[in-house]
């Protein structure tokens, strides 16, 4: 089947750096201001106030976070806000030694999915764990949010600096 | 067509230049609820497949189809995006139904154009990165060059192009969906500031936010769901080359080829005689004229004169863009062609209110993907 | 079955490389040209074109299929791009199938292309933008996070051993040593090599992961009457399926890919498959990470939940095992130019079922195989069942 | 059932700002590399010819987009041609008015079916017409980088008829 494979031309990083291959570069300058809308707007305002909130579906009875104005399972409107706790349980986690653009980290970042107390079972959000020995992190570990001081909160997911072990 | 396909539900939301009260998900949800109510279906039970039309850089999200299923009731169902014009999405749904394995398919398209802070950069990001993008010019230069060539090749006048704007924005005054209605004159258009000469500011459609959802069904299902199905009689789509350096500038080849396919699948021999009205892409005023000619709805070079003489007005012999088109409703990015199709549906149902055409039976909608592309898609609908 | 049978009659691909000199459209042409040549067709025979390609952020071109179109043979033709993230490579032939099965077209050229090397500062950076812009991106997530989170959930649920999972990487990189297009074939790699490789995002290590790759793959799909003329060895599309789960991925049980099961059930039903373990002879599940192959084999109902790792370790999925899995070498070995990698799997099943896979040919003259891809936020399954 | 609550006050309508933070690095490609090298080193323009379709592609292609054949018939074309169409652009990429509007054109090169999209200069907008003969003005060799911008612009050779 070799005849069905085209011998494309392989370049090395050096070929770019040393001018052996011509290339153009471009910054797309793709910038946005995404309307948060009703559900995420409420979520962001809650974060600014130092609390996590969810939405309730009267049909399946689930309390959902991140909040949404519709229940994706029942396809009906969610009908009220529910104040949740800022504590939860680690559903899964990782010890990550690289940044989003693949720069090596000495100390790992610990992303996790955290099931939030007061929301329905399995309702997690993604955040970071800190103030914890990486080797001690376990699935099932109880954690709580560490909030930025109120004056520094802007209405963002980063108004929670990280989650740390509870107690 | 081998198997008959009909539109049995339509929903929309937004259609305003900004929609700060709704996230894109909420915009889509509102349109979907309306379409499903109208069709009398439960998406969690009745829909076999979902198609959304979206481009990553219009959304500001890579792999946008991730964010599609929840607000459409499409969870755990076949869902895919078409990175194309809205009518490409309709065509994808039609093909799925024609296979015989899908009875109800939903098509969605939306725009949150107001959320894009750097729209000209996004369009420039579509250029060939080696031969065109380094010029770093506002992408509408392609429209300016195309308009110039079109005017010279066909003898169309700038004034005739401006007639399109006056017609469409006046039509939009009669359309509660349209946000760009205005009682403007041809002279107002010609007096607006230049963008890429000969193209003027008022000859370029503004942008709108909005969402549109259609429910399509095969014939037996369609008849069971509604007394007034709108039948899809033909679909067609085509591209010219992408290269600026070898495309056809005067004639919109992609529109001609797309229309020929649509007419072939619909069994239409003389489009002008067999079609009653059309909604065609008017992203730029000259595009409506160029497209009418390429679609075979008038002879080459005749669209300008026809328009100036009022032939394509609401009261004319062949109304074009009774909705107001993109010039009157605002350009809805990928959903623009669906907005064209939506008006055809409303007209064929007799639900077009003050802008209702008398007893139309066959309508055509045509969408173009915008600069710098040469992609277009057409659909022919009947009641 | 649908009213029109659809077959694949030709396939071609580029070499998978880390950085190609070719432009994206030149890569697409190389693959498409070879696919047409392989079945002695020309562009005149092609009625429509389907393009599959993943994020525009990789190639760095907005409306990427418009840019690619002339390299895909779409001049003056109907062309459409379907898109389901990483699932696109196996979705593109599904789209090719519905083009032909609709009766609108007799012959469709399906091309998948990805040029990840265009994306700077690192192709992985593009993956930041697949996360929710408001609730997740501010945390600067990367793609490894979600794989690591999913892998950890999977391992924890079933008490899995990383050593068993690492055998997948070893198998695929060894298999790829026989693939003429492969980027990372290695006949001598061992489980120890994988377990000792750099930890990227525990439990994910360097050799658990497929490489960043440039490449393109194309197949030619035809209606039955054309296929019979074009070749005496058509490979039929017997079943197709696809399904999408919620975007709220942090609300899901990550230990089982239910969307893959849904896609598989849809494809099996269409293909009349009631006992997949007996009726599927060869499989190319999506393997961007080694655990994913196992995860997907379970979702495809080819192994019980949590049981694929020990089967892999026992050799069941080797080329000469009971169920050869990723005989091509998969994404881990051949490379992972996202959409092109998925279509490479379809091409592999095509070559295997035609007994044309050379050194990679599995024994026992398989009659039916499947290819599967996965994508988005651990969310989409796409499945094609093919037979002779 | 549509949404049960809505935003009722302007200040409750929030927007989250962000970007798509990757950049692109684009190879010139197999055909483009040779084309741009020839401009850079020799100030000459090359095309590829499809003998089957009788087309000379500029910029050159690796393949014929019409018959899909591999193209390896390279031809030199002169840096002269005619304005096929043109425009006067008034906006920059931020949609702000340019200090001076710029003329841009698609120049169909002599001996080629294709040509180049580029700037026009050394003329007033009112002096430009379709069909006008123009020539490429190359940057000085020391400034050339192997880019389409190694051509500074096109300029008229003769006035409009």
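Letters A, B, C and D name the chains as they come in the text, with residue numbers starting at 1 for each one.
The rule we apply is simple: contacts are C-beta pairs under 8 Å (C-beta built on N, C-alpha and C of every residue); 3 or more make two chains touch, one makes a residue touch a chain.
This structure is a prediction, so every number in the text was calculated from the model and none was measured.
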{"item": "Distance in touch steps, counted as few as possible, from subunit A out to subunit D", "value": "1"}
{"item": "Higher-contact pair (C-beta pairs counted), B-D versus A-C", "value": "A-C"}
{"item": "Most distant chain from subunit A, judged by the mean position of its C-alpha atoms", "value": "D"}
{"item": "Computed distance of Cα centres, subunit C from subunit A, in Å", "value": "27"}
{"item": "Distance between the centres, which are taken as Cα means, of subunit C and subunit B, whole angstrom", "value": "33"}
{"item": "Subunit C and subunit D, separation of their C-alpha mean positions in angstrom", "value": "36"}
{"item": "Subunit C residues counted as touching two or more neighbouring chains", "value": "20-23, 33, 57, 60-62, 70, 75, 117, 120-121, 125-129, 132-134, 138, 246, 248"}
{"item": "Residues within subunit D bordering two or more other chains", "value": "1-3, 6-7, 13, 15-20, 22-30, 32-33, 36, 65, 93, 147"}
{"item": "Numbers and ranges of subunit A residues touching at least 2 other chains", "value": "9, 11, 21, 24-26, 28-38, 40-41, 44, 68-70, 72, 156"}
{"item": "Touch-based graph of the chains, sorted into line, ring, star, complete or other", "value": "complete"}
{"item": "Residues of subunit C touching subunit D in the complex", "value": "20-23, 26, 29, 32-33, 36, 42-43, 57, 59-61, 70-71, 73, 75, 117-121, 125-126, 128-129, 133-134, 137-138"}
{"item": "Complex contacts: residues of subunit A adjacent to subunit D", "value": "9, 11, 16, 21-38, 40-41, 44-45, 69-70, 76-79, 155-156"}
{"item": "Residues of subunit A that touch subunit C when the two form their complex", "value": "1-13, 15, 21, 25-26, 28, 32, 34, 36, 40, 43-44, 64, 66, 68, 72, 91-102, 108, 111-113, 122-128, 139, 156-158"}
{"item": "In the complex with subunit A, residue positions of subunit B that touch it", "value": "19-27, 29, 42-44, 57, 60, 69-71, 73, 75, 112, 114-118, 121-122, 125, 129-130, 133-134"}
{"item": "Contacting residues of subunit C [partner subunit B, same complex]", "value": "2-4, 23, 54-57, 60-70, 74-86, 91, 95, 97-99, 101-104, 126-127, 129-130, 132-133, 241-248, 258-259, 262, 266, 270, 375-377, 379-380"}
